[in-house]
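Once you've had a glance at the structure underneath, I'll fire off some questions.
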């Protein structure tokens, strides 16, 4: 969602003096910044309740409580607010029309615009997207997802009430998946991790066929194969084909519509992702007990790490993979099988430049934050948000707090 | 001889065995013995010399007047030994009996492994028996219900997501009355600490969440809690033998911490949750050690007091004793740190005997208390020794840094009419910790 | 018969004993690899620490709870292993076959130790009957095994004092000794080989992984 039209001229702007903000409000919660770095905001305590400050301004609407303040990728500011003992969403200062007993778990669709949440109203649970709630609610909702265009939502829903400790009823299956408010016919013992295909016409989810057999359901149809366990499925981009890691005879495999994709089996396999062109697949894998690595198209990297390997990130051309790793209690990034030599107290997701040549990540070292570019750290700040490359890959956008002032700076890559 | 042991009715055991076929039993038993077990099972079975030296380790054996049926080795004999000997050719009644032994007469406390000269892991063998029962759907009703809750909600008490967040928010509001700057920061990415609790806290003991908000504020720590599932790392699936759900719960918990970019997890006063998160969960998932550092409350409070981050204003005067939780003392060696905290906060302390690694289990752990009301009487009988042990200390308060111990000991105190109180460390800290006046602000 | 017993039988017995033991150890290690979660957690320091505590008389809480039984049991095991190794008659045979020998027990002591083993074994047998827990978990095979354990000691004693016909008894002694060696790897007597492995593993699970003691 990096904007061509953002200010990419190399310069440094002092956006907001936070000292003034902190003097002005008795309570300032967690600071957040807009993707383009032009705005900084946080929930603040004002007379009669809470509001959100952004730069020098504050939302006119006061709520009894305001939390989960975030920017959408396109830069709208929203938060969850309690007004007159009812919950709603405030977007850029304007509350939604709908009011709920509770509303939470915001998600933004892949289009970067549509905002979905789970709501509870009159003891029923549903999904609301952009102020439009489902018509019918359910006894409970746990997981949900939005279609890439933000028009549809799917959730795991509880279909029948369970009496206290009614294990027999539970085992008969009371969970299902509802799409836009209507549930599939079939009920399962459990359903988890629903996901839409690219055009939003199909939903896949993990399900439990029996207490110890797991499978995948797609639009209510269950695969004819069962596994010892499965993890979150995903669609092959642009197709209706579903892939998922599955545990088969004690080993994990990647399966597509019930048939193995790779010959290799693993001790563990999860976080499957496709390259942007949909041609390559990467996943987190463990071949040997206690060792973790990335496997790309069935081939594991030679190196492995002990503590943790996060979800892999493809470069835009799909030829490179970078990932957060943790080894011997130190965090860093590994790119195409090689870890950066410098390690950190904490590191954030790697971001590739549009030409796939460079990688930048936010990192923490000794209580200060820095941008790490291709493994080299530069300038440390009191606070820093995740850095980005300009669309042409020549500049880096840094959003940071320095001497209590929030600054936005575009720096040429060559100067870092 | 098992006829002497009371058979307790439980639909989780009685109903499923009616449907079991000999073929299904045999197939399941052999699947577990051949595919899910390897060296340990065989070596333990071959090495045990049937010397009975493990008997005196077990609170159930001691509490039941040394009934040989309750000796650790007897529990293995009546379950796994027979299965191996008969190659799984047993009937439903055998499985039912095995379930009663494995789920309700052993708390997987591992005390017996410290008494067996060979260090045979009886608890592991019993867990294998549980696994077989689970695959046959023979699990005590209430324990299975807790596992079902984990499967459906990722927490152990069917807490809805809105209930969870709402509870944290009103607990923050409560904490504000004490300290106007207290917070429960939700979803704060990059905080130093994620604080984990188990479902009974939001469900029935919400003030503990308010307490932690105050303790964190006084100690000046940067912390957060998730507003998504993944906050509860307690794990009854681990004890019911449903390792797939166990793994799912623990994975979500670790990945929630990774998502929030915290450097460590501090987990509240619960022992089995610690065990699930640090040992059993990671191992099933493939981690040798937890992916992110996890610190149990005992260690956390020890650090806060010993580094002066919180100061003790006045010690409590009542006479206290402490229950060493199996999973954090025998299971983590935190006994000395626990005593440091007590010395710092209490004037009069008498240890139970035996103590530290050798303390008797509370009889609630290992999933036993979660077997629910049908088994309460049996659980009480199985821990007379604990009642006697507590009584001997003469203390008025039993400090229990573990939810299972807390409930288990409360039950024992009630059943044996000991007339004592049970408290968490955090409650003791709330009574003894200094809250600087400037922190209390104008409201004070 | 005597020649066979004195020659090939001994060889066979030692071969079975050492071969079988080696097989048990190796197969346990291979199986442990399959068990995935065993070997990665094992560290010499913690294994040895635990083993030390458990081979030291009264080194563990459980042993201190029953000092008489512990001392008795230690002496039994010491006599059981030391007597055959250090008996003059055996060492002489070694010298004849391989040309080297070592220190031996004075005959009197050796006899006392043998007697101790026999009495000890009988007491263990009685304990199997008398102690309700042990009785519950014992089976006929446990008594047979005990008989096999005591066999060479009883026959050895009879041979030494030349009770019955020496030639028959000494052959019996050799056969029972051979049986003794042969059953070690394949019966519960394997505990003698497995002890360092099981104890060492538990020592690590407690010490290395959990930072706690297991004695």
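Every chain is named by a letter (A, B and C) in the order it is written, and numbering of its residues begins at 1.
Quick note on the criterion: a residue touches a chain if its C-beta (ideal position, glycine included) is under 8 Å from a C-beta of that chain, and two chains touch if they have at least 3 such contacts.
The structure displayed is predicted, hence computed values, not measured ones.
With centres taken as mean C-alpha coordinates, the chain found closest to the middle of all protein C-alpha atoms is B. Should one ask which of A-C and B-C has more C-beta pairs in contact, the pair is B-C.
Among the remaining chains, C is positioned farthest from subunit A, on the basis of C-alpha centroids. Averaging C-alpha coordinates per chain places the centre of subunit A 32 Å away from that of subunit B. For the pair subunit A and subunit C, the distance between mean C-alpha positions equals 61 Å.
One inter-chain figure worth recording: subunit B and subunit C are separated by 39 Å, centre to centre, where each centre is the mean of the chain's CA atoms. For subunit A, residues that reach two or more other chains under the stated contact definition are 267, 289-290.
Residue positions of subunit C with contacts to 2 or more other chains are 37, 40.
Those residues of subunit B in touch with two or more other chains are numbered 288. Residues of subunit B that touch subunit C in their complex: 1, 37-40, 42-44, 46-53, 55-57, 61, 66, 68-69, 71, 73-74, 77, 113-115, 117-121, 279, 283, 288, 329-333, 354, 357-358. Looking at the complex, you find that subunit C touches subunit B at residues 28, 31-32, 34-35, 37-38, 40-41, 50, 54, 60-62, 65, 128, 131-138, 142, 188, 190-191, 194-195, 197-199, 201-203, 205-206, 209-215.
Contact residues of subunit C toward subunit A in the complex are 36-37, 40.
The part of subunit B that touches subunit A in the complex is made up of residues 11-12, 15, 35-36, 134-135, 137, 141-142, 144-145, 148, 151-154, 160-162, 165-166, 169, 181, 183, 185-188, 190, 227-229, 242, 244, 247-248, 251, 258, 261, 263, 285-289, 291-293, 372.
Contacts from subunit A toward subunit C in the complex involve residues 267, 289-290.
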